[in-house]
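You will see chain A twice below: alongside chain B first, and alongside chain C after that.
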Partner chain A sequence: MVNRNVVTLLMLVFGLLCAVMLVHAQNAPEASERGKEVYEQSCAHCHGTEGRGDGSAAENLLPKPRDFTRGLYKIRSTESGQLPTDQDLFDIITIGMPGSSMPGWETSLSADERWEVVAYIKTFYNGFKESEAPPRQISLEGKIAYSEQSVETGKELYVELGCVECHGNVGRGDGTSAPTLTDEWGFQTWPANLAQSWNFRGGADTEAIFKRFIGGIAGSPMPAFEGDSFLHFGLSVEESKRLTELENKDEMTEVEETESEKFYEKMDVAVDLALNRAEGIELTAAEQQTYDDAMKVVYEKSWHLANYVKSLAPEERPEPAIGKNVLRSQYVQGELPGMEDTAWEVLQSRHFPLVGQVVIEPRQFNPTIDSVNIKSFYNDTEVAFLFMWDDRTHTTGDEIDESTGKPLEDALAIQFPVKVPQGPTAPKPYFLWGGRLPVYLWHWKASAPEQVVEITAKGINNAEVQAAQGALQAQGAYTDGQYKLWVKRALKTDDKKDLQLEPGVFVPIAFSAWDGANGDVDTKRVVSSWYTFVLEPVPSSRRFVYPPLIAVLSLGLLFGLRAVVQRRNS
Partner chain B sequence: MKRLSLFTICLIILIGSWVVLRFAIGGIVSVPIPGSVIAMYMGLIIIAVLVHISVEDSLFREFLRPIHETLVDNNLRVRRRVIAVLIPLFLLGYTHSIIAQRANPPGSPRDAHPSPPLELTYKDEVIGTMQDVVNPFRHYEKDDPEAFKAHVENGRRVYYDNCFYCHGDHLDGQAHFAPYLQPLPANFQDPGIIPNFQESFFFWRIAKGGPGLPAAGTPWDSAMPIWENYLTKDEIWDVILFLSDYTGYQPRTFGEAH
Partner chain C sequence: MKTYLLAGFALLLACCYVGNAFAADSGAGEVEMLVFPDSYSAASVSNGGTISGVVTFEGDLPEMKKLEITKDQAVCGATDKYDESLVVGEGNALKNTIVYLIDISKGKDFDKATKLEIDQKGCKFSPHVQIVPVGVRVTMLNTDKVNHNVHIFSSINKPVNKQQTKNRRKMPLAGVKKAEGPVAVKCDIHGWMSAWIAYVPHPYFAVTNEKGEFTLEGVPAGTYKLGYWHEACGTNSDSPASVTVEAGSTATQNFTLKLK
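The block that comes next holds the complex of A and B.
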């Protein structure tokens, strides 16, 4: 009797001790003090001291800084529903996330410090401690190399799997549901513009894109390709094709009904297995085989799709239009090409990155327009420009901004000085619509695509529509997430408030752009500082005269020298 | 083996020196050497070679011999013809490349550091002379470390709410808005920035921004906002404390020595 009591007591004490130790283990941060110190010095103002993504700077940021307390990480090398590996976290801290305000920390934190931070941010989410097995990593085996055929297959899958709905017909992030998306925390989020791979948060190589498909982008509306997030999960490529065929029939025969029923049953089984697996339920060998077969199809299709996405964007961001990449308007004889003319295709467009306007209230901290690309031709009397920029939505001012009472609409303004500064030390007007020195503007709005208004401004809130209008011809169009604006003007005008253009003169040029769907109105917009363009002078004909002349002269000199030497020798 | 002629040796010396200057020293050992400096060195080397070969008549004749031979010797007809084609062709290409060169946009010959006005103002209120104004919270560093820390923390908040979009998380002018601004935002990690100026100078640059830059030394083209429109005086002083606290650089002071 006594013995049993003692045993019970001992067990109780032991149990209590265990519980205390367990609680202690969960509370005791494994990370060193150094990790905390670095975190608080470098990370906390965005991610918050408690890791909730609510630092003081977070209010103005979109995408929002990551909330570390939920264990949801966008960029992982691990399967759907899994935590990231330490290496994943380390890589993000090192490289940063392009297109967001997360910079790479390689230059300012040592590798040790970055590892300490990795350990520290893991303490914000208990799941890291509770999970015993290491996270399951995405296998890159069976990669399908880039080929035109694979891109073609990927293109079909892009439509079939429903990518179009968010990412749009050609991938500019302009799908019909694009403006309605929110993330896990309820913040607005835009689908990636697949034509601007330099903004992909997790990098733009094919493997990275593939991992986003398989693992999903946790916390965002981008699903992982698994279970019922994937069309016909559990069917082979042929079966999936057959089912699509059946589903597209107006009426199925009885045999066909039974056939499709079989497919649905097969899919249900596979989806259930995926769910069980995600919940940590062990699969039997046979079940595992069924699941693996289903995933094999997913993997194969994902590689094709990754190749297609890869094909949508240039390898790297184009060089900005400065230095040797400056915009040079090319001379043509005769009529200038219209907007849809194929003549534009011979020109390579110049790339002008834009940034949020954060100088004057209301400010734009989270721009959605990345850049504007430009081509230009001129002839003896006129100049024509073709402006192209990506915008996920076509907004024409139907909605009114509450704070300003003005319509929210897409627009572009092209800015020049009224007078080109003479000489390199002459000041330019202030880059934001001028100041003491005035600027001359072309203002185009999506609601009146055939019209460009000429404006003279001496400050962002001090603009005046010119009394004399009509010097400009314009044509604008929106297709598949991209605006195209064609503008033509005479090189010389009678209006003293207009900029007068002359070949060979470097003219400052700057831009403002508005995305109505992003709340851009008035000073809330994206802008650029001054860039330059020039009407490239027709190359001088001297280049056909002097070089041959010099070549002939040198030949003569050689002969002369020979004659002199010969005479001396004899 | 046939001995190399003096002419060939001179040629090898000249070409070799150019390759070493252009590719080995400028490129591998250090940053590329400017063309004008290379031209100067090459001029010196050519003079040295000429001095060497003209010291003795016999040496000079030895040097000229292959040139003579090439010009008149009938056995060297092939070499002569090749040279008669190559030299004019080279000159043709070279002059063409010079004439056809496209004009490049003008650079910006900007002063690195603008000269501030004599008086420091906030909006229209005169704070004092640029020389004498000190950061009113700087003395807490010694007198009241807790209060100092609070001011630095407030400066950090101001920085991340307003400045970091351009000047960056690392305070190095490399933020997500920065790469496409011309000129680039200031890099506070550059040892030539913070230690070179008094805090009153930073107050002036922050308060007045790009439009407040002096008429001399243009064009500035700065995208820096006029922060006195948004920040209080104390916030500007606090953010200056934060800049020096984060980077570890102390702004210039004119202490007791005066």
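The block that comes next holds the complex of A and C.
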């Protein structure tokens, strides 16, 4: 309920802001008054009254609200270099752009209003008026169904075409070119994490993925892959195979020379037709056929690639770890598994979404860490956790943040209350590292992957490293854009400042994470609010406490009874 | 799902609410542009004149910035590379300056025989400044066996950003419709790679060589405004030089440029 109230309050503030903006609106002469009205009411505070992407709220946002005066649109059904269709614009306004601040307007604007605003934003760029022909759309014909085989083929193309340069080995956006990318307006930008397709701006279905890499993502570094971006454009699959064979020969015979020459000529023809087409030169029917044949091969490959990209992420974003998805540490007998142990594979990880910390200066408005995923086992004396989170860069503090003088470094902090609140309504410490009620923290940094520091905090800027350390065993590793951190601790410790754990008790847990390469330092970080976890009690038959207890009790009862009976008898 | 929407919405509102807490760096500065005639008609020019000269640099020469090669070391890092936004040779000769006629509306046609190419050898564009006539295809060369993406930041013409994979040795690009530029050319995969293309409507454009020299040939006799453009030194579009060429003879015009 408290949350609801906060949201209502914020909405009021929002409404007020909008009202203020309206008063300041300028009167630009415009065809559709209604479209303009909708725009100025709902869009201008981000996209700016003149459509330059410079509204009052734009300053803190990254990616920036789109500057409509350049005609650059990311999410198109159209070929590279083409404008979007009206339907494209309508759809993106309806759905919004996940992973950015662009909201969807399906519920707050009527379809009519959305069409009006489409017409209005088009007036910001003359290209819409000037273009003679409707934009050329990417053909979705001949879709190849998802299969293991198709995914395998797609995987090869992912490397061959160089997606790997930016998106990394397994697609987590950690390619070797990732740290140096900037968008059209000079702002740093990151390749999409293909394992987190819920953040794709244009949707995660196979068709959407297919359109994104064929048409490119205008305004971003992501290039288009069409026609001659593909190996041996103009040749059939068999011809391409043969040419590769020939090209790999140390020396070609004269016959082979002529054979390969023929292939090259064929490829030149296809490229020439593609260029004619791009330049607006009409193709003859025969030429069109040749071009279509060449594109057929490209499109086939593209469907395989789209299937591969699709395979990298779960069908949907995992549910957050609440309700039936709460993190339940599983009991095992004997030694707890180490970091690389296959025993972990039997557990399904629990998903904890993280958001930028925007309450206390310095804030993080443009977070790069999406979530942390967790598994846990415990035994009679210890508990082990496996934390996994995606980060596109491995940053260990070599660079110093100018404003704080502190090293920029990747890190994770796991937060518990010092004392578990008794009952679900009992107050928990403030979620940002406590306050009046203190929190107990495990702080891990990428520069010391084998070490977790125990901290007690009474506020985000009031943290104290505990005098007694060494209760925790830790191991951290970074591979292919993902951190794995393994931590083990005794359920009970002697330190009064530590949290003491007991099966069956629901314990609040929360997180902070830092991506050094994204400028995260101090309070500039991503955080979660409180979640809970529990050491899942074992069914009593397997438990060792109750059966012996009951045995002792019943034995006692038996002895007691016997004594009573004996006394009576005597 | 609802939780995300609410969280997202709250975050969004918080952003709006918090207001001007941080200012991000603004994007790249405005690039100064060339000036093109409203129209141009080509005809044969007989007994044209020549305009030539030398462009030199004046001022304290900043140290050449060595570029940081962040990947593909074997290919890209084989030789040291330097920022080419200001290349000054012997005698302060200023390379890569575009010198051109601003107000010509009639003159010779383009030399159609020249093949226009931009090489990416060693993960460096060369030439650093390329003149490309409107409608003419320029071919991107890639002999390095690494992937490049050819990203041309046009705003008047259609922007281009296209992958040129390591197997694609020659990739011609479609001719453009309108005069524009110079526009930046980048490879995002190798973020240090940088070049310029000027899409031009007439052939009276030249780029200075290592010695700072330029030559415009076959200029119909007359008086012209002579403009220049340089990446680091800007343009003289506000006050171009005035040059008179006589038939069959050579007029000389030198320029001395300072940093913007």
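Going forward, the second predicted complex is superposed on the first by the 443 of 570 C-alpha atoms of A that agree within 3 Å, B and C clash if a C-alpha of one lies under 4 Å from a C-alpha of the other, contacts with A are read in each partner's own complex, and residues count from 1 in each chain.
Keep in mind that, in the parts below, a residue touches a chain if its C-beta (ideal position, glycine included) is under 8 Å from a C-beta of that chain, and two chains touch if they have at least 3 such contacts.
As the structure is a computational prediction, the values presented were derived from the model and not from experiment.
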| item | value |
| --- | --- |
| Contacts of A:56 with chain B and chain C, given as first, second, both or neither | both |
| Contacts of A:358 with chain B and chain C, given as first, second, both or neither | both |
| Partner chain in contact with A:348 - chain B first, chain C second, else both or neither | neither |
| Which of chain B and chain C A:424 touches, first, second, both or neither | first |
| First (chain B), second (chain C), both or neither touched by A:506 | first |
| Which of chain B and chain C A:461 touches, first, second, both or neither | neither |
| Which of chain B and chain C A:221 touches, first, second, both or neither | second |
| First, second, both or neither for A:184, with chain B first and chain C second | second |
| Touched partner set for A:131, first chain B, second chain C, both or neither | neither |
| Overlap of the chain B and chain C footprints on chain A, listed as residue numbers | 45, 56-57, 59-60, 101, 103, 320, 322, 353, 355-356, 358-359, 361, 365 |
| For the chain C and chain A complex, residues of the former touching the latter | 3-4, 6-28, 70-72, 135, 137, 147, 149-151, 153, 155, 158-168, 171-175, 177, 188-192 |
| Residues on chain B engaged by chain A in the complex (per definition of touch) | 68, 71-72, 83-84, 87-89, 91-93, 95-96, 99-100, 102-109, 156-157, 160-162, 164-166, 168-170, 172, 174-177, 179-182, 209-211, 215, 218-221, 223, 225-226, 230, 246 |
| Chain A residues touching chain C - in the complex, by the definition given at the top | 3, 6-7, 10-11, 13-14, 17, 45, 56-57, 59-62, 70, 72, 80-82, 101, 103, 160-162, 165-166, 176-177, 179-182, 184-187, 216, 218, 221-226, 228-232, 271, 275, 278-280, 317, 320, 322, 353, 355-356, 358-359, 361-363, 365 |
| Interfacial residue positions of chain A with respect to chain B in the complex | 41-42, 45-46, 55-57, 59-60, 100-101, 103, 105, 107-108, 320, 322-324, 326, 328, 353-356, 358-361, 365, 421, 423-428, 430-432, 435, 504, 506, 528-532, 534, 536-537, 539-540, 542-543, 546-548, 550-552, 554-555, 558, 561-562, 565-566, 569 |
